[in-house]
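Worksheet: the structure to be examined is printed underneath.
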Amino acid sequence: MTDEPPGGFLTLGDLEAAGAAKSARDVWEFVQGGAGAETTLRGNRDAFYRQTLRPRVLTGVDRIDLRTTILGTPVAAPFFVAPTAYQGLLCADGELATARAAGAAGLLAVYSTLSTRSLEEVAAAAPDGLRWFQLYLQPEAGVARRLVERAERAGYRALVLTVDMPLLANRDRQLRSGLAVDTPAPIGNGADVHSPPRALTADGGRFLLRVDTAATWEVVDRLREWTRLPIVVKGVLTGEDARRAVDHGASAVIVSNHGGRQLDGAPATLDVLPEVVEAVGRDAEVYLDGGVRRGSDVLMALALGARAVGIGRPVLWALAAGGEAGVARLLSLLEVDVATVMALTGRTTVPAIDRALLGAPRW
Amino acid sequence: MTDEPPGGFLTLGDLEAAGAAKSARDVWEFVQGGAGAETTLRGNRDAFYRQTLRPRVLTGVDRIDLRTTILGTPVAAPFFVAPTAYQGLLCADGELATARAAGAAGLLAVYSTLSTRSLEEVAAAAPDGLRWFQLYLQPEAGVARRLVERAERAGYRALVLTVDMPLLANRDRQLRSGLAVDTPAPIGNGADVHSPPRALTADGGRFLLRVDTAATWEVVDRLREWTRLPIVVKGVLTGEDARRAVDHGASAVIVSNHGGRQLDGAPATLDVLPEVVEAVGRDAEVYLDGGVRRGSDVLMALALGARAVGIGRPVLWALAAGGEAGVARLLSLLEVDVATVMALTGRTTVPAIDRALLGAPRW
Amino acid sequence: MTDEPPGGFLTLGDLEAAGAAKSARDVWEFVQGGAGAETTLRGNRDAFYRQTLRPRVLTGVDRIDLRTTILGTPVAAPFFVAPTAYQGLLCADGELATARAAGAAGLLAVYSTLSTRSLEEVAAAAPDGLRWFQLYLQPEAGVARRLVERAERAGYRALVLTVDMPLLANRDRQLRSGLAVDTPAPIGNGADVHSPPRALTADGGRFLLRVDTAATWEVVDRLREWTRLPIVVKGVLTGEDARRAVDHGASAVIVSNHGGRQLDGAPATLDVLPEVVEAVGRDAEVYLDGGVRRGSDVLMALALGARAVGIGRPVLWALAAGGEAGVARLLSLLEVDVATVMALTGRTTVPAIDRALLGAPRW
Amino acid sequence: MTDEPPGGFLTLGDLEAAGAAKSARDVWEFVQGGAGAETTLRGNRDAFYRQTLRPRVLTGVDRIDLRTTILGTPVAAPFFVAPTAYQGLLCADGELATARAAGAAGLLAVYSTLSTRSLEEVAAAAPDGLRWFQLYLQPEAGVARRLVERAERAGYRALVLTVDMPLLANRDRQLRSGLAVDTPAPIGNGADVHSPPRALTADGGRFLLRVDTAATWEVVDRLREWTRLPIVVKGVLTGEDARRAVDHGASAVIVSNHGGRQLDGAPATLDVLPEVVEAVGRDAEVYLDGGVRRGSDVLMALALGARAVGIGRPVLWALAAGGEAGVARLLSLLEVDVATVMALTGRTTVPAIDRALLGAPRW
């Protein structure tokens, strides 16, 4: 691990720099890029910069407890590994390295339909780890159903249905990088599993365009027929859709704009989180991903009502920087950072992170 | 087409870069520059960055229909080729290339009084294409009238009267580029046709200045005597003027600041669009141009009440990058981008693009 | 004039670039610099960028009349040469060049107490030009009184009392440039005339500091005893002080922060103009200086209630770039720019520039 | 002092540049850096840029009196030397140089628990200087108590209890610099004195983290049993905590975010000052530190209700640039700057600096 700086990886910035140094350029552009002009990609970070934290002092912070539950299952900290595709592009072990590190840390990890390793291999790599399976709908319903059944059998504890990717968005940076856009690496879950379609195809008239998926909210009902696993709807940015997800039986929603990789022009996730939290009320859990890089980001999202937050690109940085050890280091750095910010804001438990923690926005 | 990147033009940015590489510097400054400090030029883009889109998910987006009508005529998509002058500076075929590409795409194109090719040549290049004629008033009314009559005869379906150019503004970048300011290329519509005047001339006292055109709203009435073509008033930025245009019989108005090339200090077109839409009500159609570069921009304008949007500079980029094929590629990229954003926001038809699509602005 | 670009000076930017090229570095830092962190210097420009203009079209702009009156005297345009010190640093003729150019243009020019040429020489250079005398209070009242009496005799038509300079501010850039701060060039109005003091001096206790001037509003009363010339109070940024100036008999006030050269942290002049205009009502004229560089700036200030605006640094750029011819070119460029913006906004006379011209600010 | 520019140190910028040139890189990163992404570090400065000052003119500013009292003791100006650790890293004399310069200037100086010189040496260096002792709580209460007793004996006039550092925050820049993080230089106050802990350590379960200090508001009560010195609580950013400090007997609070070195995400001190001032009312004095670099900053904080402001990093710049002479120069430059801004805003005494001095914020 020659790119590790003296003293080891001390910050997420160290992991990012080492990951960039070790990765092929086209892979790195795939990891870092977003859709269109990357307005939404930047917006996710800006939303965290905009918020301020009102620290309370002398509250007695000798014991900081990061533990919480997610859908009732205890986890070590209020953040989890968000699903990201093709982790094998970053290091040979791919999702197996992630699974071992997350499992050892006692953290939830979510694995993509588009993993380079099969969902059974991932389960075997960390049998005791808490894992969820992220599902992309498939052109053939049978393929999707078999994925769901395999995940349930392999001990995945929830299904995360991604709803913001009826087709692959225009990702200018990735297009220019030269990496194959549709399937840049083999999909470990089987040859019949597909990535969401990239291209719109003409059908009939020139301007009548067609995508392969016709998914509506009924797919959630169908999923509930296929499995007794709780269903989490990922990629919701409005109160209306969050409410609808709950009404169709979702146990949780993830406020996500796919890390700025799908709809460029979508709002920052932190900015719409309150609307979703209010719409959902106590009927489901709400998570958030997109731009979470610091302990202070985690606290801001929790203060606005998220139960936990997902970490996406930094896991890929860590995989590239150091494989399983890199991810372990990342998760440990984040835990310490969350605990530090809790101590500095005078919160010793996760439930104590309330809206009063937030001050006036900077602008 | 040696400047085409491997894999072809994948984004508008590719077309812009190739266009810059192939164009003489003074021509490129003419294309890209704006008036004064280019505050308005930048402002047009900033207004799109400021808006956010609220995507709805699982609405069933297997068929995306971009078709709409403009003044009752069906078009393939809710955008059109905005009028730009002197297209022959960018490629030898000039407006003929544009006409062929737009015609093949089933899109409306508007041609400038200051085309390098005659309006009859343009019509012959794409006889079935939907075309409108943009009119600059002329020092001699007879010259303008003959242009109108020729356009009607040549199958142009509407007259677009530009009202924001009683004289040519101070375009600092163009002035410094060395390109002839008044008439940088021959005007194809005849030797008696003139560009709007550049210079103010002293008349009597030193500080009593004179421009050649004394146009008032009566010119719209006069146009209606000359022709039965519908009249579109281009260059309106206030509700008052939009209303006045309609009261003088205009069938539509174009919210435009001439791409930031005329009044530096004018507001972004997207910012004033709602005021114009409200003033006009159902009495006329409202279009917008200025800074439209992405499918998301198109949807934002439509969500705020525009029926269609005009594309200006990108057509010039595409002409320089690849002539007719470049423009065809541009129009296709834009169509796919609009359709993609429609799919990602859960809108399958143009009428479904409503104000609920817009979220809280970023700042 | 080898630094003149081909085609001559086409924009104020050309004059600035040529002025920089021809000037010694320390002089140029003196011209361009402001106080402290130059927050106020930048703020003056930002305030103009923030405003937008609502252009009205088809109003008939064949004759644009820039003429107005200032304190009842006709001038060719609603802008004037603001007082700036030590013009001889920029070109050998100094204020004489300015006087000739402004006189020929029919514009008001204000000359500083700290001119490098005597006020009588300046008057002789353009006997028919409209000129005002800017007064800095002097340690000895007799010196100030003699300046006032000389100005009245030499045909100056108003006294401009600067009130924002009880002492010279900390101008970091100038301090570092090496130019003598107190009196960088000889003062043409006599060896007994002084610049405002630079240094605070200890007096008694260490922290009891002393400046040489104890001026209060009574100085305005005293001035009115010395002369029958109208008095203009320059350097007012609040409604309260503007009102007070009028109550002490001032005929006009100039909203000015000394071009960002005195109190860093002072607001942009355009931002406080409405407050001053409202406080003064119809009892006096209000002018503005600070950052005016474009015709659109002039219209924005007039729309907010200024009767005219002062041009400061650009005159120094023009002097350095081309002496009298440079200043003549500057004034002509500005006139054409004002007339152009009037035409583009549909205003043909100065009184027609009203508040309805302003749209929603950009931020 | 070869890095002194010709003419000496004319601005704080000169001192900063010379300090940087003379310091080892790791030390300089320690001085300049902040926590995390340095959002709060930048925010402190931005808050001053955002405010504007409304200058009043012709108020008679011949005598400017900077003197005020702090907890009843007269001082030469309304600013003081804020406590900063390890001044011996910047120059050999360390805190002794600071003490001599501050004492000679008649200004309050606060010395850190983590001084490189002992508190008795510091007292001896400037016996007549007004000095306060900053206290970090210690793992063993006896150690803290002995520090308090020594400080009282050595003539320190108040105890400043820092409450925003239960542990050392993640300071990315410092971590990367290579400087020892916990104790980069020997602590002069004794081998049993400790810096706040850096690392969180696991205790029991993996995610149950532990810090060494369990301080609650009772520590203020305990301090009051140990000493009769007035107690100042430093590091408060909310009205609630400020009120609580006063209710526990604090004589004053310092609104501070530790110069952006602790909780990244904390608001700018100037932004929360009004909330603290309102909560405290007349029951205690309120000071502020964080980003104060200019006389205008001092006036802005005083206008918002601070009685005085602390100067942190610039003292370190000055120590590195010129030792005692450097600090003396710094304090003198600041005094002159405060006096200048008072003159330019028409305020001749500290009590005259009221809220009416502040205009509309820039954004």
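To keep things simple, chains are lettered A, B, C and D as they appear, and every chain counts its residues starting from 1.
Convention: contacts are C-beta pairs under 8 Å (C-beta built on N, C-alpha and C of every residue); 3 or more make two chains touch, one makes a residue touch a chain.
This one's a predicted model, so the numbers in the text were calculated from it and none came from an experiment.
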item	value
Equivalent interface positions on chain A and chain B, same or different at half	different
For chain C placed onto chain D, the superposition rotation in degrees, Cα atoms, nearest 5	90
Chain whose mean Cα position lies farthest from chain B	D
Centre distance in Å when chain A and chain B are each reduced to the mean of their C-alpha atoms	41
Mean-CA-position distance for chain D and chain B (Å)	58
Junction residues of chain C, two or more chains touched	363
Contact graph of the chains (line, ring, star, complete, other)	ring
Full enumeration of touching chain pairs	A-B, A-D, B-C, C-D
Parts of chain B lying in touch with chain A, wherever the complex brings them together	5-7, 10-11, 13-14, 49, 51-67, 76-77, 105-106, 294-296, 299-300, 335-337, 339-341, 343-345, 359-360, 362-363
Residue numbers on chain A that touch chain B, as the complex places them	36-37, 39, 43, 46, 163-164, 166-167, 169-170, 172, 175-176, 178, 199-200, 203, 205-217, 219-220, 235-238, 240-241, 244, 262-268, 271-272, 363
